[in-house]
Amino acid sequence: MSAIEETVTEAAAVEAVPKKAMTLGYGTSLAVLVLLIAVPLLVKNFIIFQLTMLLIYAVAVLALNILTGGSGQFSLGQSAFYAVGAYTSAILMEHGGINYALTLPVAGVICFGFGFLFGQPALRLSGVYLALATFALATAMPQLLKLGAFEYWTGGVQGLVVTKPDAPFGLPMSQDMWLYYFTLAISLAIYIFSVNLLRSRSGRAFMAIRDNEIAASAMGIDVALYKTLAFGVSAGITGVAGGLGAIAVQFVAPDSYTIALAISLFLGMVVGGVGWLPGSIVGSAFIIFVPNIAEGISKGLSGAVFGVLLFLVIFLVPHGARQGAIVVQHLIGKLRGN
Amino acid sequence: MPAIHLRLGAFSAALAVLAVTSSGALAQKKYDIGATDTEIKIGNIMPYSGPASAYGVIGKTEDAYFRKINAEGGINGRKINFISYDDGYSPPKTVEQARKLVESDEVLFIFNPLGTPPNSAIQKYMNSKKVPQLFVATGATKWNDPKEFPWTMGWQPNYQSESRIYAKYILKNKPDAKIAILYQNDDYGKDYVKGLKDGLGAKAASMIIAEESYETTQPTIDSSIVKLKSTGADVFFNVTTPKFAAQAIKKMAEIEWKPLHFLNNVSSSIGSVIKPAGFENSQDIISSNYLKDTSDPQWKNDAGMMAFDAFLTKYFPEGNRIDASVMYGYTVAQGLVHVLKACGNNLSRENIMKQAASINGLELGGLLPGIKVQTSATDFAPISQLQLEKFKGEKWELFGEIISGDVGG
Amino acid sequence: MELFTNQVLAGISTGAIYACMALAVVMIYQAIDHLNFAQGEMAMFSTFISWQLMQWGVPYWGAFVLTLVLSFIGGIAIERLLFKPLAKAPILTNVAGFIALYSIVNSVAGLIWDFTIKQYPTPFGSYPFLGSQLISTHQAGMIGVTILLLIGLFFFFRFTRMGLAMRAAASLPESARLVGINTSWMIALGWGMAAAIGSIAGMMIAPVVFLEPNMMLGVLIYGFAAAVLGGLTSPLGAVIGGFLVGIMENLAGTYIPGAGNELKLPIALALIIVVLVVKPAGLLGRPIVKRV
C-alpha cells in the first residue's frame, strides 16, 4: 500500500536444527531396528500390511523433511511426486512386465528429474508463494493423470490394478511379510542415505540456505543449484515411496493422490518434528492411525475428532515428536545422574 | 483339590455335550468366519469424511435399518453386527479398511462399499480371498462380470445403460438433435458419455456437437452452461452430481436456454436438486428412475413409502428424508436382508453369493412399481430396469414402459 | 468474437466469487502474515448461521448483520482460544493448526446441517442485468459489494489508527510493540475482521453455488490464487486478481485446443506461477527486501 519499500529482517521460516540433533543415537536406532524386524513375526497379515504402509509414508514424510527441514523450502505438493512414482512403477509393471524391484529406481530417477525441473521456477518463490505453487501442482496432478491422451497407459479415471509380488527364492513367507521386509530394507537404505546426505557438504549447504539464504550465497554456496537439488532429492525419494505404495496397495488411480495426501504428509512432518528425520516414522504413524482412532470415537464427527486430536498434539508439543524425544532424553539423563 | 477335580470333570462333560450338539447341528448349519448361531458380522466402507462425504448418509441409513432388523428379532434368530469404516474416498485407505474388516474384524462379507475407485482397489483382493463384495454402491458396468470376478456383485442400474435409454429416446423422438453434454470428469461422467455415444451408434459423431467437463473442485459450472448455449444445441445431456445439477438448472433459466434437457438419475431427487434449483426452472426435464422419490407427492399414500417413513421416525429420526441417498441405503439394506433370509442356516460365503445370484423378481417398497430385482448365475446386475420420467408441476410424471437396459461388463 | 465477449463476461461473473474470497484472504494475511487454510470453512459456517437465522424467521438484512457480528466475535474467539497459545510455535505448526480447524468446522457443519444442498436467497434478485443474460443482477450486486468492501478496507488501512496499527503489528511486530501497539490484540482483531469479511463472501457466493458444507473448498483455492496473483498485501490487487483468474480460466478452457477443457484449473494455476516468477510479489504487492 505504501510506495516505500519496506525492509524486513525476516526470521527463517524453519528454525535451525543442529545437524547432530537430526538423528537418533546408535543405541536407540538399534533398538528401533530390532523392533521393526521382530514385530511382523508376531502379528497378523493385516497388521503387517499396515506396518508396510507406515514405512512407506514414513519415507515420504522423510523426503519432505529433507526439503523443508533441510533446505527450508516448503511444499504442499508432495502428493504429485508420490503419484508420479506410483504410476511409473504401475505402468512399468503392468505394461512393461518389468520386475517390481527394478521399477523403483526408475520411479526415483524420473521423480528426481521432475522435482529438479519443478525446482527451477520454484527458485524464484518462497514462503506462501512457494506453498501456493506446490499446492497448485498437487491440485493439478489428478487432473493430469485423468487426461484422455494418456489413458492407454494410465487407465484414465479407472486407474490400474497392480499385481502383488510373491516372496522370491521360495522363501516361506506370505506376500505381505515379504513386501514388508522388502520395504524395510529400502526404507533403511533411504534413511541412511538421507542422514549421510545431510551430514555431507551438500547437507551443510542445504542448512546454510535454510538458515539464511543471503548469507549462504555470500559464503559462495550456489543457492540455485542446491535449492533445486533439494527439490530433486526430495521428489526422488517421494517417488520411490509412491512406487512402493502402488505395489503394496495393488492399485493406482487419480483419486488416490489428491491434495489430501499432500496435506497428510505435511501434517506427518509437523507432528514428527520439522528437521528431525527419525520423527518421520512418528508422523507417519499419526497420519495412518489417528484418523482410525477418530473414527472409532465418532463416525459422524470423525473429522472434528481428528482436528481436536491434532490440536492437542500441537499444543502439547509444538515442535513435534522431536520435543517429546528431548524431554525423554532429559528424563533418562536425570535418572542416570541419580 | 477335589473341588477342582470336580469342576474339571463337569467341564469335560459339558465339552462332550457341546461336541455332540454341535456336530448334530453341523448337519444343517454351515458357517464361514463371521457367522455364528447368534450373529452375522457384516463389513461396510463409506466416505464419512472427505470430498464424497455427502454419501456417508447411506452407511448411516443401513446401520439404522439393521438396528430395526435386530430390534425385530434379527434374521433367522441371528443379530446383524454392522461394522462400517471410513475411507474418505481414498483407494489406499479403502484397501486398508477392507483388509481390516476381512482379516481383523473377520466379517462374513463386505456389503455396499461406495465408489468406483475404492471398489476397483479392493476387487482383486476380495476375489482372491473369496469374500463377497456384495451390492457395491456404484453404477459402473464392470461389476457385472461373474466369470472374472465371481465374488463381486453390483446393485443399481449402471450408468451406461441409463444413457442408452436416453439415446434411444433421442433417436426416436428427435432424430436431428444437436446434443450438448456436460459431464463430471471422472469414471462416472465418462461412463454416461460412453453409454450415450454407444446408444447413438454411427450418428453420435454428427449429433453430439459439444462436450464440456468439470472438476468437483470447481466452485461453479456457470461458464460451461454459457458456452454450451452458444453452440446452439437443442438437446442438453446433464451428467452432474446434485450440487452442479442444481447450478446448471438455475443458470439455464437465468440465461434462458431451453433445450430438451436430460438429467441423469444421480441428480433426479426433487428434494435435494429440483426444489433448490426452483420448480419453475425444472419443467419438462426428462430423467429416469428406479426408486420412488421421497419428495414426490404422488407416493404420499403409497404403502412402501409409509413403511419407509415409519422406519425413519423410529430408527433414523436424524436422517434427512428428502436426501435421495437415504432411500437408496434403505432399499439396498432391504435387498441384503432378503438374501440373508434366503440363506437360511447355511451362512457360508459361497451360499451368500449363490443366494444373491438367484434373486427372482423381488419387489421392494422403495422401488418404482413394476421394477424388480433380478439376478442369475450369469447376471450380476440386480437392478437393471428404469422408467423414464418428465418433471411436471412439482412431481415426476412417469411415462413409457419399464425399460431394461443391460450392458454387459 | 461473440464467444470471446461471452466468455469474458462469464469469467467476470465467476471472478466476482474469487475476488470476494480473495479480499478475506488478504485481510487475514495483513493481520497474521500468513494464509489461513480454514478461512473458507469459517465463511461457510457463517453462511450456515445466517441461513439458520432466516429459517427461524429473521429477515435477510437482519440475518446479514447478525451474522457479521457473530462471525466477528467468532473469529476473535478462535484466535484467543486456539491460536494465541500457538503464537510462539513455529509457523508450520500454525499451518497444521489451520488444517485442524478446517477439519473440525467442516465436520461439525456436516453433522448439524448435513450435506444436501440448500437454496440461499439473494437480496438483488437473479434477473438479467442491464439486458445482458450473462451477468445476473445478483452477480452485479456481488461485484458492487466487493467494490464497497474494497473501498472500506482501503480507508481502514490507510486512514484509521487501528488500520495502521494492525499493519504495523503484522509487518514489524517488535517495532510496533515499542510504539505502544498491543500486537496480540491486533492479531485477534484481524481474525475477527477476516471472519466478518469471509462471512460476507460466503453470503454472496452461496446463492450462486448453493449452500452445503463443501461449498468453499474450490472457492478457497481460487481465492488464494487470486490473492497471490494480485499481491497478498494489496486489497485492490486481490480483487483484480480474482477477476483475472476468472477470465483466464474461461479463456483457457475455450481457446486452448485439446486439453483446454479438461485442464482449465491447471492452466490457470500455471499462468499464475508464470506471473509470480516474473513478479514474485504479485501484480500489486509491495516487494519485501530482505536483510541479513
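Each chain carries a letter (A, B and C) given by its place in the written order, and its residues are counted from 1.
As a working rule, a contact is a pair of C-beta atoms (placed from the backbone, for glycine too) under 8 Å apart; a residue touches a chain by one contact, two chains touch by 3 or more.
Everything numeric here is computed off the predicted structure, so don't read it as measured data.
S.K.: Once the contact rule is applied, which chains count as partners of both subunit B and subunit C?
M.R.: A
S.K.: Counting C-beta pairs in contact, does A-B beat A-C or the other way around?
M.R.: More C-beta contacts join the chains of A-C.
S.K.: Please report how many Å separate the Cα centroid of subunit A from that of subunit B, as a whole number.
M.R.: About 37 Å, centre to centre.
S.K.: Please report how many Å separate the Cα centroid of subunit A from that of subunit C, as a whole number.
M.R.: 31
S.K.: On subunit A, where are the residues touching two or more other chains?
M.R.: 139, 143, 146, 300, 302-303, 306
S.K.: If you look at subunit B, which of its residues touch at least two other chains?
M.R.: 49, 51, 185, 215, 217
S.K.: Could you list which residues of subunit C touch at least two other chains?
M.R.: Residues 107, 110, 221, 262, 265 of subunit C each touch two or more of the other chains.
S.K.: Could you please specify the touching residues of subunit C with respect to subunit B in the complex?
M.R.: It is residues 2-3, 6-7, 10-11, 13-14, 17, 107, 110, 114-119, 126-128, 133-134, 136, 205, 208-210, 212-215, 217-219, 221-222, 249-250, 253-254, 261-262, 264-265 of subunit C that touch subunit B.
S.K.: What residues of subunit C sit close enough to touch subunit A in their complex?
M.R.: So the residues of subunit C touching subunit A come out as 29, 34-35, 82, 85-86, 88-93, 95-97, 99-104, 106-108, 110-111, 157-158, 167, 171-172, 221, 224-225, 228, 232-234, 258-259, 262-263, 265-266, 269-270, 272-274, 276-277, 280, 286-292.
S.K.: Within their complex, state which residues of subunit B touch subunit A.
M.R.: Residue list for subunit B touching subunit A: 48-51, 59-60, 84-86, 88-92, 95-96, 99-100, 102-104, 116-118, 120-121, 123-125, 185-187, 190, 215, 217.
S.K.: Quick one: which bits of subunit A touch subunit C in the complex? Just the residue numbers, please.
M.R.: Contact set of subunit A toward subunit C: 1-2, 5-10, 13-15, 68, 74, 121, 124-125, 128-129, 131-133, 135-136, 139-140, 143-144, 146-149, 212-215, 218, 263, 266-267, 269-271, 274, 300-308, 310-311, 314-315, 318-320.
S.K.: Where on subunit A is subunit B touching in the complex?
M.R.: Those in contact with subunit B are residues 44-47, 49-50, 53, 139, 143, 146, 156-159, 161, 245, 249-251, 253-256, 258, 260-261, 288, 291, 295, 299-300, 302-303, 306.
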